[in-house]
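Structures are listed in the sections that come next.
Next come two complexes, and both contain subunit A; in the first it sits with subunit B, in the second with subunit C.
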Partner chain A sequence: MTDDKKILVIDDDVHMRELLKLEFSDLGYKVTTAENAFKGLQCLKDEIADLVILDIKMPGMNGIEALEKIVSIKRELPVIIHSAYSHFRENYLTWSAVAYVIKSGNLEELIQTVNSHLS
Partner chain B sequence: MLLQNKKILTFILAGGKGSRLYPLTRDRSKPAVFFAARFRIIDFVLSSCINSDLRQVYLLTQTKSLSLHQHLRRSWNFLPNDLSEFIAPVPAQQRISEEWYSGTADAIYQNLHLLEDHRPEHVFILSGDHIYNMDFNELYHQHIERGADLTMSVLSIKKDDAASFGVLTMDDELNINSFIEKPQDPSLIPGETDECSINMGIYLFKTDSLVRMLARDARQMTAHDFGKDIIPAMIGEYRVNGFSFKHSRFGHYWRDVGTIRSYYNANMDFLSQLGDRVVCTSEWPIKTLGAPSPVSYFGGSKGVSLTNSTVDLGSHLYNCRIHNSLIGRGVTVGNDTLIEDSIIMTNSSIGRNCIIRNAIFDKDVIVPDNVQIGCDPKKDQEQFFVSDGIVVIPKDYLF
Partner chain C sequence: MAYHEVIVNNLDRILDFWMLLDNQGKTILCSQKIFRQLGYSEEEVINQPFQIFFPIDDPASSDFLYQLLFDSYAGSMVNQKTRIKQKNGVIIDIELSLYQLDNEEMYSLIVFNNITEVVEIRKKIKAKSERLNKEFDLFDNRSVYSSIQEFIDTILVSLTAGQGLRFNRAFLFLVDEDERILKGIQAIGPGSGDEAGVIYNGFDSAPKTLNEMITHYQEMVGTDSAVNDILKDVQINLFDYQNILIKALSGQKYILINEDYPLVDEPSVIWLRELLQVHECAIIPLLWHGRSTGVIIVDNQVTQSQITTHDIKGITRYAEIATNALESSKLLSSLEKNINLVKQANLKIRESQEILIQKEKLAVMGEMVAHMAHEVRGPLATIGGYASRVFKQMDESDIHHNSMSRIVETVGTLELVINDILDVSLPEEELSNGCDCTKAINKVLSLLEEEIHIRKVSVSMNIQGSLPEINIKEHHLFEIISNLVRNALESIDSDGLLLVLASHIEDKVVITIQDTGPGIPLDIKSKIFSPFYTTKEDGSGLGLVVVKKLVEENNGAIVVRTAPDKGATFIVSFPINPKGDAHDG
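On to the complex of A and B.
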């Protein structure tokens, strides 16, 4: 059952936010979106999330800095990095994410990863 | 082989509060406490780093760090930064959140950006709290030869003394197969009747393995401590090896100085070992503040009696007797005073006709004439801070 699970999507790309909201809502998740890391962190303070999908390259605070802050305030909250760039996977500061999924036209890997952490 | 060429980064955990060393830690962290009335505790691990050619060293500091920072700036600021060599203090910055370091592992985790900046292949993590010499090349070579994810230095001690340490067991291949922090019933070394192996707080990690463990630990509700969390979690999953300190180059001397009694005993041990010239040797120098002081002066018509003792530079002693004691830099001792079994630190002044026994004087203590310390336990208790029979006079004490 996914009805009571909440996902927070932090991504500066409006199309990606809408796509993920549509896709994961269809799967029964409750989806909140934030257009930058500051608003994403505020969302985490204001409401409960069960999982975060986090972009890396965003204006202002990037996803790597946001990940550090998320882990410091909600240690056990799983964060999945969802980036178009593979090389950040080598950056030690991304290793506290539970998964690193490369953005592509096919959301299957991301859906499977989310499901595996929220099942 | 020079370790400095091997892509190694070193962290020294130098934020120890040293609560049980009060009042010596009233104004400074434990690594900044004087030792042997000449050095600071931190000088030993830093000297071993430099003597071993570890020249990219970060010291992670936290509480009461001003004294340590001053000492580092005055004494250890000599490496060429433009050749990427440094000994650099890193104060707790609350860079990620508003939390201080919550444990030893958290201290490294909060500075992961330094690992990302340097991208070393291996990371030494050392404690700034202990008195020892070590050639880290030996540990490094074993670590590489065995392909270990973690190699930690191991010391054998009596079972009765082991319960306050991390106690481990190893197989014949040096693989650590159990590790318990501060166990009630410490496990014995196989084949021994009264000896246990303990963790010395000296670690060499493969960087990828370290970061994986820190990242995992950061997302769990733990103490974020190497001894309590990281090492036990690695056993069975990673290659965790022990390195026998006893069989290493300087394996005869390691002291924990966690309490006033152990601190005092370590100082006195050091004094007795000085005579054997095995702790301080020209081939493994221990560096400290090189203040431009004149040589010491021993004056007065009756002369100075000095037995089994050391006197640092710039001291003035007149017609006095000093036995089994360590006298620091710039100390003055007046006529007819007796000092026995004591440690007198920098810039203290002791008047005439005093008797000082079994005492530790912090720096900048001025003692008037005719004072007796360590002669009457009841009077000592009424006037001074006494721990386990040792009188401790704090810095700037007013008589």
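On to the complex of A and C.
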């Protein structure tokens, strides 16, 4: 079911990137990672992704700026904000993301959200 | 020679007092009045110097005439004031003119008249004015900020009181520059003869000072209702130059209306006499720095005594003082008003500054907490994530199974602690509920007032009374209405109608915002709530996204109705606050 679905993870924390790659690969997704927003946007141009997991606080371009660019390139692409910040949820600039998941040791919420958008 | 006699014999009819002196300064001829009215005999005057008329102790008497001649111009010196004594010793004031007659013999003619009465009157007026001035000393005895009403009372009382100018009634009219009219302001005086007794007795018996009189007057103001009724509705257009009051006002000169007044048949004179029910009255203009600010009308309706020029002089002089006081007080009161406004504005600024500082403190604190939370939460998520991963793959029999479980559990607890800290740092206001739609709508419209004006948009607002409160954060409701109204204005562009309705329907409050713009084309109607979708050049495409998100977050609903060229209608509804009570009114 998830065989041909591709997820792009954009996060500057190498441990988080690796963790998500491991977890979602286990679930059968193809996972690509990018360590910053510029590389993430490049990935989107080069290859097709079905969903983006996007961190907010990153050096260079932050996730909110990246989100605006992603939505303007690919309006239909679902983006999930995955951040250790909770208060950006109040910021309407993040509202064009399909979901806002706060980083947690328990990945259950993120997994469920991804599944619901890719099923 | 006959005509010489004619002149000399008739001089008494032409001149008051006269004397012809020879070159020695001795009297040759004089008028009969000098004997009759000053009481001197012929022997005492004829062939005697003029000096005999001066009081003995007057040091100036001896060379008075020489001094006059010395100061004279082309042989004459007119209207010199001096004092002489009658035979019986009474001193009188005279106004004297000296003419040197052009003749080899150097005759001089002295002409004088008795001005004692005039001088007395002047002295009296001066004393009275000074006294009024002193008692009416607005800037020493009375508060600078006394109300204009107090000054008006003061003026009217001074005009009518026994210790004042003793008119029966006085009416005050002031110019209203905004409306370009002369307006009846206040009157004082009895409505009838009976009342006159009450008022005047009151004034004449006890009160001594002006302040006491004013207090007395203010206590009886009720009895003045009849006289006040007379001028209550009087309003005269300032450009009605035929009107007698406007004539006095624009001519800046008093008018005495009595049987001698040449224009008694003028309609406005007839009108005034009927209005006041009086034959004789005087209209005195109030002047301030060359500007006419009003008129005072005085009469003696009750006592029927004639208004004399003496009276007029008194009131004219008094009117100057009164106008100065009144106008100064107007200026001061408007100054005071402005000062109060500035004070209030200052206070508000200080209050909002304090609120801002408070909010800033909270915001700084919130930011700090959020930053710390982020710094901890990120690594914590990584620890927890890997731990869970390991834990999930671990067999229950593994010796590390218990340790792993504790790590995962503790990370979860730590995350809850962080969430708690974040919740606590939220300002109290963020959590408030019970919001008043009317207030939010008014706030939005007043903030957009300028834009509404520039775009020439007519706003029709219909808000049902006593709308119940709804459960939404105030700034959220403001954001929703503000976005919708701004969209409406932008779509109207210019010259259109904006309709804002709010009503209570069943268990909801429904807000409708309708415009007469071009409407939304059907093919894009479904996209208007999508992020970054915009038809505006400089739009972010987020306005309606924000609106929708906020409406839904607050359990509300939003619907749009539109047709091409028929405008757009956005209808937002919210459930009412179950605990909130309806507003009164």
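The working rule: the second predicted complex is superposed on the first by the 119 of 119 C-alpha atoms of A that agree within 3 Å, B and C clash if a C-alpha of one lies under 4 Å from a C-alpha of the other, contacts with A are read in each partner's own complex, and residues count from 1 in each chain.
One rule holds for everything that comes next: contacts are C-beta pairs under 8 Å (C-beta built on N, C-alpha and C of every residue); 3 or more make two chains touch, one makes a residue touch a chain.
Keep in mind that this is a model prediction, so the values were computed, not measured.
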For the overlay on subunit A, clash or fit between subunit B and subunit C?
clash
Mind telling me which of the two, subunit B or subunit C, contacts the most residues of subunit A?
C
Could you tell me if A:S86 is touching subunit B, subunit C, both of them or neither one (first, second, both, neither)?
second
Is A:E68 touching anything from subunit B or subunit C once the two structures are fitted on A? First, second, both or neither.
both
Just subunit B (first), just subunit C (second), both, or neither: which does A:K57 touch?
second
Once chain A of both complexes is superposed, is A:E76 in touch with subunit B (first), subunit C (second), both, or neither?
first
After the superposition on A, what does A:W95 contact: first (subunit B), second (subunit C), both or neither?
both
On the A-aligned overlay, A:K103 touches which partner chain: subunit B = first, subunit C = second, or both, or neither?
second
Once the structures are superposed on A, label A:S25 by its partner contacts, choosing first (subunit B), second (subunit C), both or neither.
neither
So in the superposed three-chain picture, is A:S116 touching just subunit B, just subunit C, both, or none of them (first/second/both/neither)?
neither
On subunit A, the footprints of subunit B and subunit C overlap at residues 68, 71-72, 75, 92-93, 95-96
Enumerate the contact residues on subunit A facing subunit C in the complex.
13, 15-16, 19, 22-23, 57, 68, 71-72, 75, 83-87, 92-93, 95-96, 102-107
For a test of understanding, state which residues of subunit A touch subunit B in their complex under the given definition.
68-69, 71-73, 75-76, 91-93, 95-96, 98
Report the residues of subunit B in contact with subunit A in the complex, numbered from low to high.
96-97, 99, 112-113, 115-116, 207, 211-212, 215-216, 218-221
In the complex formed with subunit A, which residues of subunit C make contact?
366, 370, 373-375, 377-378, 380-389, 408, 411-412, 415, 419, 422, 530-532, 542, 545-546, 549
